[in-house]
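Note that the chains are named A, B, C, D, E, F, G and H in the order they appear, and that numbering of residues resets to 1 at the start of each chain.
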Amino acid sequence: MGDAPPEVTAACPEGAPVNLDFGRQSRRGYPEAVFCAGKTIDQIRLIAREWQRNAADQQALFTRCSPEQAAVVAAELAGTAYDPIARVAAWPAEPPEPTGGLVVVVAAGTSDLPVAREAAVTVERLGRRCELVVDVGVAGLHRVLARVDLLRSAACVVVVAGMDGALPSVVAGLVSCPVVACPTSVGYGAAFEGLAALLAMLNACAPGVGVVNIDNGYGAGHLAAQIAAHVPMDHGQSSVSDQFQ
Amino acid sequence: MGDAPPEVTAACPEGAPVNLDFGRQSRRGYPEAVFCAGKTIDQIRLIAREWQRNAADQQALFTRCSPEQAAVVAAELAGTAYDPIARVAAWPAEPPEPTGGLVVVVAAGTSDLPVAREAAVTVERLGRRCELVVDVGVAGLHRVLARVDLLRSAACVVVVAGMDGALPSVVAGLVSCPVVACPTSVGYGAAFEGLAALLAMLNACAPGVGVVNIDNGYGAGHLAAQIAAHVPMDHGQSSVSDQFQ
Amino acid sequence: MGDAPPEVTAACPEGAPVNLDFGRQSRRGYPEAVFCAGKTIDQIRLIAREWQRNAADQQALFTRCSPEQAAVVAAELAGTAYDPIARVAAWPAEPPEPTGGLVVVVAAGTSDLPVAREAAVTVERLGRRCELVVDVGVAGLHRVLARVDLLRSAACVVVVAGMDGALPSVVAGLVSCPVVACPTSVGYGAAFEGLAALLAMLNACAPGVGVVNIDNGYGAGHLAAQIAAHVPMDHGQSSVSDQFQ
Amino acid sequence: MGDAPPEVTAACPEGAPVNLDFGRQSRRGYPEAVFCAGKTIDQIRLIAREWQRNAADQQALFTRCSPEQAAVVAAELAGTAYDPIARVAAWPAEPPEPTGGLVVVVAAGTSDLPVAREAAVTVERLGRRCELVVDVGVAGLHRVLARVDLLRSAACVVVVAGMDGALPSVVAGLVSCPVVACPTSVGYGAAFEGLAALLAMLNACAPGVGVVNIDNGYGAGHLAAQIAAHVPMDHGQSSVSDQFQ
Amino acid sequence: MGDAPPEVTAACPEGAPVNLDFGRQSRRGYPEAVFCAGKTIDQIRLIAREWQRNAADQQALFTRCSPEQAAVVAAELAGTAYDPIARVAAWPAEPPEPTGGLVVVVAAGTSDLPVAREAAVTVERLGRRCELVVDVGVAGLHRVLARVDLLRSAACVVVVAGMDGALPSVVAGLVSCPVVACPTSVGYGAAFEGLAALLAMLNACAPGVGVVNIDNGYGAGHLAAQIAAHVPMDHGQSSVSDQFQ
Amino acid sequence: MGDAPPEVTAACPEGAPVNLDFGRQSRRGYPEAVFCAGKTIDQIRLIAREWQRNAADQQALFTRCSPEQAAVVAAELAGTAYDPIARVAAWPAEPPEPTGGLVVVVAAGTSDLPVAREAAVTVERLGRRCELVVDVGVAGLHRVLARVDLLRSAACVVVVAGMDGALPSVVAGLVSCPVVACPTSVGYGAAFEGLAALLAMLNACAPGVGVVNIDNGYGAGHLAAQIAAHVPMDHGQSSVSDQFQ
Amino acid sequence: MGDAPPEVTAACPEGAPVNLDFGRQSRRGYPEAVFCAGKTIDQIRLIAREWQRNAADQQALFTRCSPEQAAVVAAELAGTAYDPIARVAAWPAEPPEPTGGLVVVVAAGTSDLPVAREAAVTVERLGRRCELVVDVGVAGLHRVLARVDLLRSAACVVVVAGMDGALPSVVAGLVSCPVVACPTSVGYGAAFEGLAALLAMLNACAPGVGVVNIDNGYGAGHLAAQIAAHVPMDHGQSSVSDQFQ
Amino acid sequence: MGDAPPEVTAACPEGAPVNLDFGRQSRRGYPEAVFCAGKTIDQIRLIAREWQRNAADQQALFTRCSPEQAAVVAAELAGTAYDPIARVAAWPAEPPEPTGGLVVVVAAGTSDLPVAREAAVTVERLGRRCELVVDVGVAGLHRVLARVDLLRSAACVVVVAGMDGALPSVVAGLVSCPVVACPTSVGYGAAFEGLAALLAMLNACAPGVGVVNIDNGYGAGHLAAQIAAHVPMDHGQSSVSDQFQ
């Protein structure tokens, strides 16, 4: 009898488990996103269903979404797109037509790719153009210097980096637009799950860096999309200094 | 022979492995609860049996109780109720008739629900009425402002929140009763398993907030039940300021 | 010329430096308090003057108030009382007539006295009766056990302790009312300015403990006054267990 | 002889102690600023002199500048303006004609004023219009809600707060523009010199928040000026939701 | 081919993987112990074999030893005893005849039992008598006070506790012998894997407490055995104060 | 009028500010010590007077005692001895006749001397013989190895060290008696005020080390005196291994 | 349908996932290494293939390489050698002919072996001779003293240690060459995953110690190979002090 | 009488307060240095006198030496040189004739100068040539790139940086020689007294970086001098890659 199911009886008053903020689109101009980590399959299904019923005119974004959770979303919201590296499910299938300035997402190393792609997908879904550049860590400066023109054409640069978190300082020193720095938990022991990169970014010796939470590609992309919103699409620096060319 | 069981011989003097504090009910007015995490199935069975024999007149609460552990409890204490979200097993099946003031449990997000329900079940089992409100994070202030009347009718509000732990400050600024703040481990990397919310709550800019341990819904509910014990049942603020209405 | 005053010109737009929340009394039932640390003498004078003009019917409390700051307050608000150990200035001279249950403030050691007195003054100013007990650390258990009757007559006990922060667990295990735990920064190096006591209190092995910020006697007293507000004045446990007598 | 000056001989090779980055203006669009804390009076004088000689066409900003240091700057750069609260010296006397969108700087409490003013002065000196709003902490929500129209007219909002760092979440939930969050070291012990506010801001439950270093008003202002650079001056939300009105 | 084993070639110079300190018995008076966590089955077998060959006259202790590892030890060292709760394997089957004073091991809660038993087994194996007392946390003071006579007859008391780590202060205040305090990783989130208890114990407000590493029952037992080594076996306090009787 | 003294009125109920535990001598066998840091001159005088009146048969120890505080003690307790390096005042002038085993106090460097002397004075005042050895850090191993004979004749060794805290491991590996490890706050930045040494000592790779609080020489000496209490005075290892000779 | 794969559509712009720095060999003199942890099997295969095509004249090193990953590398780069303890795959099969001085790698305990071997393999692959010494922790000083001659013949000593991290101080005090200290995450709770050893090593009381990241054997070996590069092969101390002999 | 000097009597056994390790020169090849912080004037004088008497053939280095302490040193050791920025006193007046390779010391900012000079003086005193380069932070990459030739001619580069500690990664990526990274405590709040820079340096994404303690210029210089000891004086990279030229 030890392994039989317990005699369970309902306890605790019922509280509505889901209370979506569909007003965010009108209040803030951007729709709410659903953070899926820690939510059950049933909760995800319920949310997707609520979305279908009450906010079918709003774009939906599900972050930290496992393939299993994405399947449930797709079952309720037909045409859902899924990026398995970024672990983001988005609906409808296509992102909106982009407006505003260009966002460039820069990742220091290959291990930072999942977070960088989460940022890039978010940027596109919130209505901006996005370019993704990978493997430009400061240990080989020529790699980032080779992309200075692209960086200087951006309305906002998102820098994703773990380990020493040194890349935002370097990038911010090269451009005039704001830099959004997103630390990742990549690194050996004394990275302390991203703490080292986080602190380095908060202490970036070049001003113009705004930091978001560790591994929070969604937050980085959201902030970048807001920053680029009112920058003209043809923005870019034609008079690039030729110091590195 | 490598994978055969070792030749084990009894070592170490015997110490009574269970020494329950059944006097707590008379000494403090509330019965002891059993924290099940880290206890073996055998230890749980032994405890349930001891309860049946020596304290059958006292209510029993098993927290952090897995379904397997709950099954063992139910086998010994017939009629045990189990809440699989809160992971609480309680006996007897029904909570006592409530006395004292109302406790309102408020959860910032859906991910905080398990802790919030643990608090709510505890409140009811210790003899208070309880209302549970979910998904009222400060990112959408209108949601909490819409519940000001309910909050102001409470003898105590329990606020359960992870991430920035900002909700207790907001709630405490709206009510005259004490607020019990319970941080959760929900959040991205720099939440540091609840540390961010914990520190924010300890620094709540509105006075009247008492903080309990991270994810400790039981402790939050227990404290709230004590606070509400001597508040009249018909307590409530009839003269609510109409600042937000 | 190096040590001559600079040619200073006004820079930065003017922002109103003081914006007191006089509505707190009606909204929450308790008046705002002024945290004086880090405020200039001029800012304190301005605040005291504003109080005199706009809220002369509300009691005023100035915490972390130096003797110099208190002198300025007293110049604007005649009859201000000052407690140099608690560093609290209060106006008018006398606290209100007490209502509700008794609050007992317990300090583990003499070094905790300033914080304990800040709590006690706050309790009285917010309208509750208060008893202060000092030097009852757990290293000499007989001292706290000798006060069990007083502790059990309280509607709320405030425990102020530094070092190992062990006293709240012991007190909470002896009484049925809520315990407000206030850690202090007293101790040798590994006390880490109160962190050790703070963590111990958050992990109190007896339920019923709500923790406030390190050295925050005001916050402890405020919470205790709220908890005791609706407890009958003749509250007390007549049927004290005689386990320790 | 013990207190006579030592027989000192030059040791260590000479290294040029000052190496200003006057190219930053052309490379990034914003001039370098001089962080004065920890620099000697002689170093400050040398820097001011270098500025006068080599970059007299560039605006100069000296942050964390003591009155003594400001006097030295003013002696070299005639017409220097000094803000003793922000501890910023700026030259020439007047800031440039503003372009781009409005920046609103919001401070939770009076104690956050020095950092908020440092941010505001920086914003103006880098060429943006700025409004400063003080004492709108979340403990009295009506205060921030009363300024929603102003907040929604901003191209960027800088939120300066210590203690629980809860204000950025609340503000970001009300506006569509980016929020720059600047934690301050204001608070009781468990604020840990701004760590609590920093962590809370990094965990802001509303997306759209970029965090800068503790007490770094200069960095906050710089980032905000960059964000607002390309936003039309007549930007503003005419269609404000009337949820709070 | 992807899942085929790689073409491996020996790399790296050979270093002797095991280099036991069999001289510790003569140098320090106590034999070396083998910490098994993180060691492979092969390494454990090699060590047991070396012991059999080179130190068959020395007692062997294997700590943090899994049942699988214990089986391997028993295969090499016939008669090995194993305590599955303490996870200690010891050889030969029986501990030595005890000398010196009594060691009392006290555990605050049932969850602390594995560490407490590891301490107790170590005490016995190093040649002292041992009594184990469980479930005497400070939340129910009467439980520890009921054992004062036993505690006062000890040459050394080992206190094992997680959560608030308050028990060593209380025990040290009651006895004249040294107290060895061993924090455990038991507790809710803010226990931070034993950090809270560790700090509390280092700040014990009663002098006479020596602290060992978190969950290090072996270290606690070893130190206690050394402390009790030269205390007469008939040691004990006949003139116990009757304060608690 | 701004700098005139404020109109102060007594606030807060009176609590007895001093409540000495004179029963500790009979309960624990060692008298209470007075920790002077943070106490006012008046409080010290009151304590010294109480001692004179109520416990003139008990030895008195005042730790962290400034010369000013010591003068007040000496005025009340004639013949008080003062050690300005250890900052300890003791009364009566001479320590008691020693009993039990020898305690050796070892300091890694000259900067650790104040803490080491505090430990040594405490050891003598609590009735044990004491030898003090300074400047035997592990960077010059020959220095500690040259004292092996002395170390092996001890009933307890107290090791005082800052920086890397490596000395206790080395000493504990050389002797059979218990080692009391006292970390100091000596060191460069990453010593973090003694945290580095504290953690190293808790992780000492040789068993038999009990750790006390950072810079707590009193606590180290007290524990050592207890450990050595029942060791015969002629204790010592006659058969020292000649490994290092 | 809940467990069916989701309707996935490509999202996010393509970014080149791999961007190897083959220029590092000519720029720095040492080839890039591939950190495999967190990389997918497909990414590893792609990298190995790129290496084969574009840098077949450069030696390849894959660190933190699982057997499965190593198999993929070996399939692309024939003759790859794999060390399953160090978890390093290297190609071609044999390391280069050694030049420069000898590197001695010293591991405190058996549990430190994986990190020590990673260091040793790296040293050999970067072109230096290497000797590996294991189990010479400071708890048994005679073990390290017995190897003084070998240590003094080294151009660089790598010390790998967990727990108290005391070994680098001891070794650095015995030799004239630089010491590279590599902390490991080995130890009980308060080792905090290598933090204790890291801090101890940064605070080594003997100068001449450079510290690398926790468990970063590759980094330690790389630095040591650089240090030994220009030291003559016949380097060594013929005039060893006989202090320990 | 309260402010009269106390009746002090000698307490505590005498321990030799100074025990210099003059054997270090022959054992390690480098003389001991005296860390003056925390030492009294009398202790410094005693040490200088001992040096004069017992080691007049050895060079003396006094670090963290105040002008007052330097005066005392100079009185005992005639011809002592003092660097007031580095706070180093050295004797005799001139450093030894340099041997081995060049050491380049690089400081990110002017505020890092004291630590950088302490490193440079140490390098020279231990017998190496040294070049000091200041103000080459990564926020203006052109500054460090302009010195690539110098950096590549070094046998060892010492990088001194606070804030984000990003410079070592950048430098190590440009050179083949070892980099010694020394974090400083320079920066805003979240620099946490050098912790941010320390962690960033430990996580440097370019291998070949050895880290020393925060603000420990002496340790950095010592390690660099050892690394450069056996590098030929004419070392240098003639075949510099022209990637940045």
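Please note the rule applied: a contact is a pair of C-beta atoms (placed from the backbone, for glycine too) under 8 Å apart; a residue touches a chain by one contact, two chains touch by 3 or more.
Computed from a prediction, not measured in an experiment: that's the story for all the values here.
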{"item": "For chain E, the least number of touch steps when starting out from chain B", "value": "1"}
{"item": "Touching both chain F and chain H (chains)", "value": "G"}
{"item": "Farthest-lying chain, centroid of Cα atoms versus that of chain D", "value": "E"}
{"item": "Euclidean distance of C-alpha centroids - chain E vs chain H, Å", "value": "44"}
{"item": "Chain centre separation (chain A, chain D; CA means) in Å", "value": "27"}
{"item": "Averaged-CA centre spacing for the pair chain H and chain B, given as whole angstrom", "value": "55"}
{"item": "Approximate Å spacing (C-alpha centroids) for the pair chain C, chain D", "value": "34"}
{"item": "Per-residue multi-chain contacts in chain A, two or more chains", "value": "23, 27, 139-140, 142, 173-174, 187-188, 190-191, 195, 198, 202-203, 213-214, 219, 243"}
{"item": "Pairs of chains satisfying the touch condition", "value": "A-B, A-D, A-G, A-H, B-C, B-D, B-E, C-D, C-E, C-F, D-H, E-F, E-G, F-G, F-H, G-H"}
{"item": "Chain B partner contacts - residues on chain C that touch it in the complex", "value": "23, 26-30, 33, 101, 155, 173-178, 180, 198, 202-203, 207-214, 218-219, 222-223, 226-227, 230-232, 235, 241, 243"}
{"item": "Chain A-facing residues of chain G, complex", "value": "1-21, 23-24, 27, 35, 37-39, 43, 183, 185, 193-195, 198, 213-216, 219"}
{"item": "List of chain D residues in touch with chain C within their complex", "value": "41, 45, 67-68, 70-75, 78-84, 86, 88-90, 93, 95, 105, 107, 110-111, 113, 116-117, 120-121, 124, 130-136, 139-140, 142-143, 186-191"}
{"item": "Chain F-facing residues of chain G, complex", "value": "108-109, 137-142, 145, 162-166, 169-170, 172-174, 187-188, 190-192, 195-197, 199-206, 243-244"}
